[in-house]
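Order of writing sets the chain letters: A, B and C. Residues in each chain are counted from 1.
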Amino acid sequence: MSVDTARRSRAPRTGMVGSSQGGRWWLYGLLTVALIAVVAPFAWMVLGSFKGEGELRQVPPTWLPESASLDNYTQLFDKLNFGQFFTNSIVVAVVVTAGNLIFCSMLGYALAMLDFKGKKLIFTAVMTTLMIPGVVTFVPLFVLVANAGLIDTLPGLFLPFLVSPFGVFLMRQDILGLPKDLLDAGRVDGAGELRIFWKIILPLCGPALATLGILTFLGSWNNFLWPLVVAQSEERYTLPVALALYSTGQNSTNYGLLLAGATVVIVPILVVFLVFQRRFIEGIATTGLK
Amino acid sequence: MRRTTAITVACMTATALTVTACGREADNGGSGAAQTGAAVSSGKATGEITVWAMGAEGDNLPKLTKEFEAANPGVKVKVTAIPWDAAHDKFTTAITAGKTPDVAMVGTTWMGEFAASDALDPTPAQVDKSAFFEGAQKTTEVNGTSFGIPWYVETRVLYYRSDLAKKAGYDAAPTDPQGLKDMAKAMQTKAGAKWGIGLQAGGEGSWQTLMPFAWSDGADLTKDGGKAYNFDSPEILKATKYYQSFFTDGISNKSAPATPTTEPDFAKGTVPMFISGPWMMSAVEKVGGAGFKDKYNVAPIPAGSAGSSSFVGGSNFVVFKNTKNRDTAWKFVNWLADPKVQSKWYTISTDLPSVKSAWQDPALASDKKLAVFGKQLETAKAPPSFPTWEQAIKGLDTELEKITKTGADPAAGLKTAQQQAESIGTGA
Amino acid sequence: MTAQTGTTGSVTGPVTPAAATASGGPDDRSPRGAGPGVSGGRVGSARRRQGRAAWILAIPFCLLFLAFTAWPVIQSLFMSITDTKARDLRKPFSVNIIGLDNFTKALSDPTFRKAAANTAYFVLVGMPLTLVLALTAAVALDKGITRFRAVFRLGFYMPVITSIVAVAVVWRFLLQEPGGLINTFLGWFGITGPNWLGDPNWSMPALIMMAAWRNFGTAMIIFLAGLQAVPAELHEAGAIDGASAWQRFRHVTLPLLRPTMLFVMVTTSIGYLQVFEEPFVMTKGGPLNSTMTVSYYTYQQFGFGNYALASAMSYIIFVVIAVVTALQFRLLRERT
């Protein structure tokens, strides 16, 4: 029995085989300690956003704020035209995510299931792009986008990222795990190739699509350098750029604003993650196993 | 088969054509005699200009530009604030793609690089260069040509805990290098400090703490009339030996981590002396709490054989060559240099004015600590504005790290740094 | 690792190595035929039909790829064989072609070599550490406990999405000497901890710890999924045969985890070979270049305007990544 069949027809988890449940309290304890250690910086970040600048620079760092205040947040929302930057970030992230979900699955399907000339060439191109450090193509890409007149536009912010090689790869791996018989059944029924893709294959890719969606959204949301250089006017700034505006200085950093900003930025990611968590885990399972 | 051959031939042809098409032009025009910008018309400013400014300055600038717009009805000044983080990258990419604004605030250490890219417009003669602090004005000069104006400045002075100094037996700050060392040592023995003075043990930017001592001895970072680097000069060697002695004598911490903990150390008295710029005043006061203002003081860098000197930094305001509204751009920049506007800017931002006469404004003149900075600015010096400065000085920072942390020989280290700098060249 | 509030980062923005690439090389699929039972002429037209459909599906990627990836890559490859500096970018052809000079210059640069050694150290120690932590956590969550799984899962994933700035502040405190938590903890056992970030011998171990902590969550989640796919029946069969938990782990679980292991190893190594954020935020490559990595050094060269040299360095990194990836595929090939 192959592993993927097992994956597709999920057996219910019945817990450990042949061990007692009660004696595991020590494991829970250990894990809890580990959890606290791991989550600590995140907790510090959130707590720190309520502290004053002087307290933030103290060594050793304090945990609970000496006098908690919302000053950092009021300053942030006061100065920042928050709605605008948030909208820009959301629009770009959603478009990039949607684009990736559609185009990557299209090509992933073609690479996994169809036979055509140039298949190997395209796949090699995908793999190669994956391994090239992004920093080296940055400036040529910018000049290209500038010459295309896309500077300071929303398309300039999202076009270069509409389909990513990683996404293609992920979808290819997932679709590889589907039985070929589905295709043949579809063809026998007289469906065209594209219809097979749309109606038969794609619905089975739920988990992988959720995975791709979360990772793409995360990457786009946190992207800093590209929006920074592409935007000429503040109206086009995304959230990370705007936040950096108020927290980093020529010689010093405004930690309070920085932490408040970091906390604010993380909220949509957490929401997306929590909503898709279940499908996300399933999704990694289907692709990682190949 | 035939297809592959055809493709191969095509690729080889393309490569051959590209290779023959490449090559540098015989002479890069631009280097030569110092240039002055063409004169700017008189009368009111018109039209629209775009301005880039970083961080808090970018945030506060619109408050100032409102007055310019009021004085020149019809003109529009559009300010875009950009973060300091990665601002340099934003400028270099914009210059590459020809997408620069009309006017921008630029860090003093970036001038050489931008001027070499032929992106900046030389300053017209109408701008009075003598109104600025000499060191600050020099930060705008590349190969003798001035680009833009110094907008605001900062310099480095000695910070010390006056209350702990009293314990150590000192009523006033030291006025010579040996005195500084003695006082720092006394802080350790008599005032309970762990380290007498916080000096950066090499690494990024440490030259800004080393050079004040060297400059106070009359050092020059260039030689041959400003045409080459001069890292292994006798004055810099003397200053480096002096700097190293703080570490070998246990007065400064050679193992301090890369991200400094200056403010808490200063407030606690663990490290009661350090050298830094004006922004640290509010930083230490925030950590020190109420009343800390009276527990510390600032003093000029101890005078060497050439008096007391320090590093001058800050930001300049430049006009880009491909501006669409040159007249208004320069009018705006020149307006920023007006002493009244400079004082106004100080009250808005607490950035120190680059124009000497602006310091007579009561807001500045009455603050004793600020007055120390003002005096230091008169003799502060700027590094050379070569395009390769950042890379060359990094070599010195690295050698300084070896010298302070491992006790390496200063002469050998400086020689290495000089050789590296020579192989990089000035790029001018 | 993906940049978060950091200054540089994967400009290929969204999805880049960290929880990145899946396994499966180009040679693990045999060419597709037209399906069973179709003969002769039908094969030809079926292939043509597939071919047409495939190209329609591939067009968006191909267009975007050619425009936004292929062209910049070609341009940067071209740059790497010239003497391009920042100011030449406006006239990209007014440069001298100097062949492989940049590559030899990079390879003979002592700092680049040190950075390469540091990066190798980082990967060779950091990767096993991260994977062991991840696998242990995954096994504990999968088999050890039954309740609060989701809480632990999310919690262990937190470092992956927390801002590097907050992470850096807390870690600096942890590593402080004296008084930092780690050294205090060691002190309970009578060990005097070193000055982690200030000592050239201990700075890299400190960064390795931090990187492992930051990234094990991603690997853990992938392992969890892999573990969950191991059929429970196999474990039961093993238990009935009298195998202990450890033996079951070694002979049942691990072999079935092989593909997952490959996936995680490849993605983690691609990310770790390009380690940048940790040294950038914590130590700036110091002390005494003990934490300088190849990516950081390349970034510096870009900052100095030495575009040609930096491009050459980037492609050297790429070659190493490709070789390491290929090696791992070899080692962990499915043995069916």
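Basically, a residue touches a chain if its C-beta (ideal position, glycine included) is under 8 Å from a C-beta of that chain, and two chains touch if they have at least 3 such contacts.
Keep in mind it's a predicted model, so treat the numbers as computed, not measured.
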Contacts common to subunit B and subunit C (chain labels): A
Two chains sharing the most contacts, counting C-beta pairs only: A-C
Where subunit B and subunit C are represented by their mean Cα positions, the distance between them in whole Å: 37
Centre-of-Cα separation between subunit B and subunit A, whole angstrom: 39
Centroid spacing, where centroids are CA-atom means, of subunit A and subunit C in whole angstrom: 15
Subunit C, residues touching no fewer than two other chains: 7-8, 89, 176
Multi-chain contact sites of subunit A, meaning residues that touch two or more partners: 59, 139, 143, 224-225, 244
Residues of subunit B touching at least two other chains: 85-86, 89, 96, 98
Of subunit C, residues touching subunit A in the complex: 2-17, 19-24, 26, 28-29, 31-36, 46-47, 49-58, 60-62, 64-65, 67-73, 75-76, 79, 89, 137, 140-141, 143-146, 148, 150-159, 161-163, 165-167, 169-171, 173, 176, 179-180, 213, 217, 221-222, 224-226, 228-233, 235-236, 239, 245, 256, 259-260, 263-264, 270, 274, 295, 298-299, 302, 307, 310-311, 314-315, 317-318, 321-322, 325
Contacting residues of subunit A [partner subunit B, same complex]: 52-54, 57-59, 79, 139, 142-143, 146-147, 151, 224-225, 228-229, 232-234, 241, 244-246, 248-252
Touching residues on subunit A, where the partner in the complex is subunit C: 1, 3, 6-7, 11, 13-19, 21, 24, 27-28, 30-31, 34-35, 38-42, 44-45, 48, 59-61, 96-97, 100, 102-104, 106-107, 109-110, 112-117, 119-120, 122-125, 127-141, 143-144, 159-170, 172-173, 176, 180, 183-184, 187, 192-194, 197, 212, 215-220, 222-226, 240, 243-244, 255, 258-259, 262, 265-266, 269-270, 273-274, 277, 280-282, 284-285, 287-290
Complex contact set, residues of subunit B against subunit C: 18-19, 21-25, 85-86, 88-89, 92, 95-96, 98, 113, 116-118, 203-204, 255-259, 387-388, 390-391, 394, 398, 401-402, 405-406, 427
Contacting residues of subunit C [partner subunit B, same complex]: 7-8, 78, 82, 85-87, 89-90, 93-97, 168, 172, 175-176, 195, 197-199, 282-284, 286-289, 300, 303-306
